[in-house]
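To keep things simple, chains are lettered A, B, C, D, E and F as they appear, and every chain counts its residues starting from 1.
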């Protein structure tokens, strides 16, 4: 079940094909997951989304690739995105996440959700010491 | 502004004092942030919350302390918890998060929120390849 | 799978039948989607919900019907409501939403989610110029 | 700070005055909280919102008034609505919520948030036994 | 579909078996729902989660068991957790929730979501009267 | 209060200055709101964010500028982003949103939040008729 019907012969569109080729080449794998097949209904949106994902997730930066996947999982789970929880957990495992790291990840994100509720429920005032604007 | 009024002479309660002493000792600092002052309205809830935070965030585990703080930020920001965004960003900085890592963290969590919306908007079906139950 | 079991012979209840008849008449269609079948477990809740939806979505107002459907999608996707994403995307298409508008809708709501995370992550202070209370 | 500027002489509008009078009479108190002052920018929206709140929260029903306020708090905190956390905690206290009940409420809603993350993170399949549609 | 594969012979692990036995004994039922089967991939996380759930949900406290289940539902629905909506609705029914209470619960949590949006959309300032810190 | 301290002499950095100049030129206004001042702590993140906002919000597309602002508000309010509710309501007003349209917008997004809760609370199964994958 989905809200759009992806085009049947997607790679006949040269813009779609170019993105799919770059996904395969970047990931060094033939498999293209459903997200990209469905985004292909609008080649411009497909191009833009892949460009973003590639620039942030597949390019060396200040955080290592596995940390970035785990952050992605944290946001996806908090947003209740089932597809994203599945795809990024698979990606984190492919990047080496162990069962112990997975359990630790789930412990931290569920603890954070728990204390978020407490801070919001109590409407705790922000400590002046936390205000970065005070620094100079 | 808050929804409860913390007790005036909080540390007169030996259960509150014991938790506050353990926070100071664990963190090697005198400062106790507002979250704990407000939770002191119910010593049992204070004890339970600190026990959880200490066990997960202040105990060596499969993920390093800074990664855990950044995951905490990812959840807190996604849940829109202002107090938590402040307190855990301060904690991450205290654990060595650089400006470059902070910017990278914000890039990843905002990208995740963006593609979460796309996957949910399209209701992309989960790829069978992502189903861990299929593994054996 | 659902959390309640809708009554078998729903339209035998005259309150349910009256609502279903009004849905068919308002929408000029025989089809009644599952939302209403399941709400029929409580006729008062069914009546109240349909009255609200009819008053806001099926009555001429300051915004045109397609814009209202797209706003509905924006909220539903942000809340992660799969049923609602499906039903309101179908409704928007029935009201003329094109593929290009659909792609534009997804671009805007995913951009908004992205910058929401940035503003919340940075805890950007509200500009005094945005405060409507200052106007007089 | 707010996004609209409420009309200066609100009760000069007879529709606004009628709602405000009914709020005072229903609550047996002169105080009218900001929510209603700001909603007064659109008398129809004010009328509709108060009618809903009165019908559900100020009318005897299957759940007692304090339970309904606590459910309201649970939703408001989960949605991160600071205004609502404040106003409904005050309302719950006015209806007799004790400190012990408040602490229990916070324990339950923070536990729920914690296990929500675990179930979503693991994408636990729904047990067939939970499917009400199977009942007949 | 799930993101982890639970161990095949789960109860061969004495820590898992001890938790499962305690669940059966506490609930006076043989049935163990999927949440616990999947959490069994990490015995420490399983133990911790069950200890929390038992301490808060299966221990007499200031709120009665049915109220606590309904609060759990309110949070789970607001977070969009399908598994949790299913499991806690089944639990509430087992604890005696009637159809009328169920409908009332849904009325309150959907009203709360509606007025949360209004308060956040208007950015209504918190009334000083709601500030518990002002009390002394 | 914020979680980062924006650089004092921001426009001394040519990358920041180029973005600020483009914002002023695109919006035909001198005023630059806080979001951009705070993002200036990381020029690459500032450039990327402005490029996205400009491409989607300030470029003619399938939806008109006011509709796009209202969609932005719908997402921002649902996510509980106070800064974003303020900035995009101001932007929508600058693009001509009337009080009647504002009230209509709030009616639709609060109705959507209400029925989202009902659909999620009932776990209503998606009607096969809504499945776009069935179309061919």
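One rule holds for everything that comes next: a residue touches a chain if its C-beta (ideal position, glycine included) is under 8 Å from a C-beta of that chain, and two chains touch if they have at least 3 such contacts.
All values reported here derive from a predicted model rather than from experimental measurement.
Novice: According to the touch definition, list the chains common to the neighbour sets of chain E and chain F.
Specialist: Chains that touch both chain E and chain F, as defined above, are A, B, C, D.
Novice: If you line up contacts by residue number, which pair in A-C, A-F or A-D shares over half of them with B-C? Let me know.
Specialist: A-D
Novice: With chain centres set to the mean of the C-alpha atoms, which chain is at the far end from chain E?
Specialist: So the chain farthest away from chain E turns out to be F.
Novice: Would you say A-E or D-E is joined by more C-beta pairs in contact?
Specialist: Spelling it out, more C-beta pairs touch across D-E than across the other pair.
Novice: How many Å are there between the centre of chain C and the centre of chain E, using C-alpha atoms for each centre?
Specialist: Chain centroid spacing, chain C to chain E, equals 26 Å.
Novice: Quick one: chain C and chain F, Cα centre-to-centre, how many Å?
Specialist: Centre-to-centre distance between chain C and chain F: 20 Å.
Novice: Would you mind listing the residues of chain D that make contact with two or more other chains?
Specialist: Where chain D meets two or more other chains at a single residue, that happens at 1-4, 45, 75, 78-82, 85-86, 89-90, 100, 103, 105-107, 109, 111, 113-118, 120-123, 125-126, 130-133.
Novice: Considering the complex alone, what residue numbers of chain E touch chain A?
Specialist: 1, 3-4, 41-42, 44-45, 48, 75, 79-81, 133
Novice: Looking at the complex, which residues from chain D come into contact with chain B?
Specialist: Listed in rising order, the residues of chain D that touch chain B are 80, 85-86, 89-90, 99-100, 102-103, 106-107, 117, 125.
Novice: For the complex, which residues does chain C have touching chain B?
Specialist: 73, 77-78, 80, 82, 85-86, 89, 105-106, 109-111, 113-118, 120-123
Novice: Can you check the complex and tell me which residues of chain C touch chain F?
Specialist: My answer: residues 1-4, 31, 33-35, 38-39, 45, 49, 52-53, 56-57, 61-63, 67-68, 70-72, 74-76, 78-79, 81-84, 86-90, 98, 100-101, 103-105, 107-109, 111-116, 118-127, 129-132.
Novice: Give every residue of chain A touching chain F within the complex, in rising order.
Specialist: 1-5, 8, 48, 126, 130-133, 135-136
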